[in-house]
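Quick one: this structure, given as structure tokens, is what I'll be asking you about.
When the chains are written out, they are named A, B and C in that same order, and each has its own residue count from 1.
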Amino acid sequence: MLKSKPIRFLLLILVAGVLFLLGNVLPDYRVYEGATASIYVIAIASIILLTGYSGQISLGHGALMAIGGYAAVLSRKYWHTSGVISLIIAVLAAALFGVILGYAAARLRGPYLAGTTLALAVGLPSLANQFHFLGGEQGLNFDIGAPPKFLGSNFSTTKWYFWICSIAALIIFWLVQNLLHSRYGRQWKAMRSAPVSAALAGINIARSKVLAFIISSGVAGLAGALLVMTLNLVTPSEFPLSLSFAIVTGAVLAGIARLPGAVVGALIIVAIPDLADQIATKIGGAERISANLPGFITSLLLILTILFAPNGAKIGKLVSHGSTRT
Amino acid sequence: MRLLSTLLIGISSGSIYALMALALVLVWRSTRVVNFAQAGQAIASTYIGYVVITHTNNYWLALPVAIMAGALIGALSDILLIRPLNKRITSGPVKEIAPVIATLGLLGLIRSLVGVIWGGDLKRYNAPVSINGFTFGHTTIPFSRFNLLIVFTAVAVMAIFAFVFQRTGLGLALRASAFQPEIARLAGVRVDLVRTVGWAIAGATGAIAGVLITPSTSLSPNSLDLLLVLGFVSAVIGGLESLIGAAIGGAILGIGLALILEYVSTSLAFPAAFIVLMLVLIIKPSGILGSKAGRDA
Amino acid sequence: MSLIIKNLCVNHGSIEAIHDLSFKVEPGELVAIIGANGAGKTTLLRTLSSLKSPASGSATWDDSDILNKKPEDLVRQGILHVSDGKTVIPELTVKENLSLGGLWRKDKQDVALATNEVLDLFPILSERASQRADTLSGGERQMLAIGRALIARPKLLLLDEPSLGLAPLIIDQIFSAIKALRNRLGLTVLLVEQNAMGALGIADRGIIINLGKLVAEAKAKDLINDPGLSAAYLGF
């Protein structure tokens, strides 16, 4: 049932409606979290596509997000592009970088790819510190503009951001899901589980892998641009190594090859700092504990998940119903 | 003269990268796992060394304690995490990346524990020997007794590694278990135990690297992250397949970075590492000493 | 010190590779296990050396259970398995491959003694001692693998298709060596082979396995001389 396009589309419309209601009902800080969660959904989806499907590991998607973020900001600053165009430019810029990275990645396996993307994650964002036009450490401002007039004067910016992010997330979800069900998705799955047979069946493995990288990068770029939008600012410190790790963590929690799980993964990632705070106050911990608890919980979850549920939490299974059978 | 000092600095820092790379290559060779938790093992050991130093003011006591801590933590990492992981995951979409994820998780876990126990503020301890550059007549080069100690230690560790690997039964067992674990088992080698010893040795090596680099950088839960990345890049440059490669990779990265930092710009450390890495991988995708078979394995 | 196998059932994936297999090997016997490709012979040996876990059944050597153990533990009980295909470690030298066989042993003097015996038995290994094992020919690798096993002073030797891929002349050499070893050292040998003639030529008894089931069990020369069996299973 979940395979049929019209039904999935309706489901998405339904979800959109629910989100609209939530946006109006929940307090501002929850709405903001919702925006962040949507951004994570997009970023996690890019990893699911890349790692879960085409089997390539990237520890550096934070850097791709940074490229998207900076591209959006720069295009708005120097070319005065509208919000939507800025986002599109972000996608294109990141995708372009994905072309280069993809071709490099096609030649590298496992640990070499992990190492390269790791170095990328650490190296790229700090490049911005070097060049003045990238704003250095202080970064550059980014303002996507106030909510349109027709939404009423009481429409908060936070709600506006949430709308943009969640609609973007829904669109990406729709597009990526279709992609994963298409022949490309099947090619990637074949490549991952039986590379020799896939090659013999005529699949151009290198090209397929590069394609996955390009699309994954573009999607990550969008997430980066949206992140920058919600923060109204782009600086290198918004894209630390831990961001790349968090995205991969979210993907693993989701069930690395189950797209619907991206939502679960994103929610968990966003919920952890909150949860940690609550626990920290309960046990009356010092600042040491509250500062380290989120990291501790995330890492513990990651280890437990990979040990006991390597293909993702059961929730992911329920939702996907075998429509993304691995 | 400037070139010479730069090269010397490069060799000194490269020695530490090489040590980290050695640890990573050792684990990779014996378990086919890239141990990102190496940084966690190293930082925990370094903190333990720090505790010894603050209580006894004796660097030379702290070093062996840290080494033993590193060995213990390394061994526990294998026994508690990697062995169960390999037993459970034998196929599926996560097979290749599961160990990567697991060690990433372990890294975060150890780091946050370290943060809870010791706090995030920067701590310092001094080098055991002079950090003033050697003087020749009127010129002082930025290479001190401490740098000499670093290089010497790295070379000593590599020599010990080479000896153990090539000339002892343990080394033979380690190599056999890495190349063909099944055949090794059928020959009577306790492969699981041997692998754990490999992890212990790697942990000890990482501890040495951590203790050596800290006087120059000060100590915090994240202070070895950069070293992990640079150590990993060194290992990849060297081809991930041989310990000599790790040493060469460390030297290349150390010297390369020193040259870039000196002649191009002083704050390009991170991107510079990436540039060096990309250059090597473009020229030879399997690393300098790596083979094609090794790359695909 | 016999090998007793009772009602052994082993699965290979979802296929039942061995079904209800039972037989006995007396001490000092050389038993050949014959069958076509895919008959389950390799699975049998891998189960006996604990590389694989059976679904049900039992196997004992010298009255102690040998199933579901660790292969390296069985080595210490004198059970040595020379697997098919990859038998030596290509990246190590001949000398190192041999040393590997004696690493676990405490009696280093006897290890040295055994090593010399092996080098006398297979002089070519002496010549090639410092060469990497991947420079050896197929027959030489087989000798190296068997030599390595001998250094552990085995009591039960499980040989998986030692003649695979070897030239006829070398096959003769290998088979003669196996028989000579059994005679001299009193080993119990379980020899799995597709090369039925060669194997039955040196064996005391033969067991024919087809599709995981035991089809025939008799003295080796009776099997060779039974035209019905030869035609059906031995291909001649």
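A few points about this structure:
We take it that contacts are C-beta pairs under 8 Å (C-beta built on N, C-alpha and C of every residue); 3 or more make two chains touch, one makes a residue touch a chain.
All values reported here derive from a predicted model rather than from experimental measurement.
The chain occupying the central position, as judged from C-alpha centroids, is B. Contact tally for B-C versus A-B: the pair with more C-beta pairs in contact is A-B.
With centres defined by CA atoms alone, the chain at the far end from chain B is C. With centres set at the average Cα position, the gap from chain A to chain C is 54 Å. A straight line joining the Cα centres of chain B and chain C is 43 Å long.
Centre to centre, using the average C-alpha position, chain A and chain B are separated by 31 Å.
Every residue of chain B that touches chain C in the complex is listed here, in rising order: 169, 172-173, 175-176, 179-180, 182-191. Across the complex, chain B meets chain A through its residues 28, 34, 81, 84-85, 88-89, 92-94, 96-98, 100-102, 104-109, 111-113, 115-116, 119-120, 221, 225-226, 229, 232-233, 235-236, 240, 265, 267-275, 277-278, 281-282, 285-287, 295-296. Put simply, chain A touches chain B in their complex at residues 51-52, 55, 57, 59, 104, 107-112, 114-116, 118-120, 122-124, 126-127, 129-130, 192-193, 241, 245, 248-249, 252, 256-257, 288-289, 291-293, 295-296, 298-300, 302-303, 306-308, 310-311, 326. Across the interface of their complex, chain B is touched by residues 49, 51, 70-72, 75-76, 80-83, 86-92, 96, 99-101, 103-105, 148-149, 152 of chain C.
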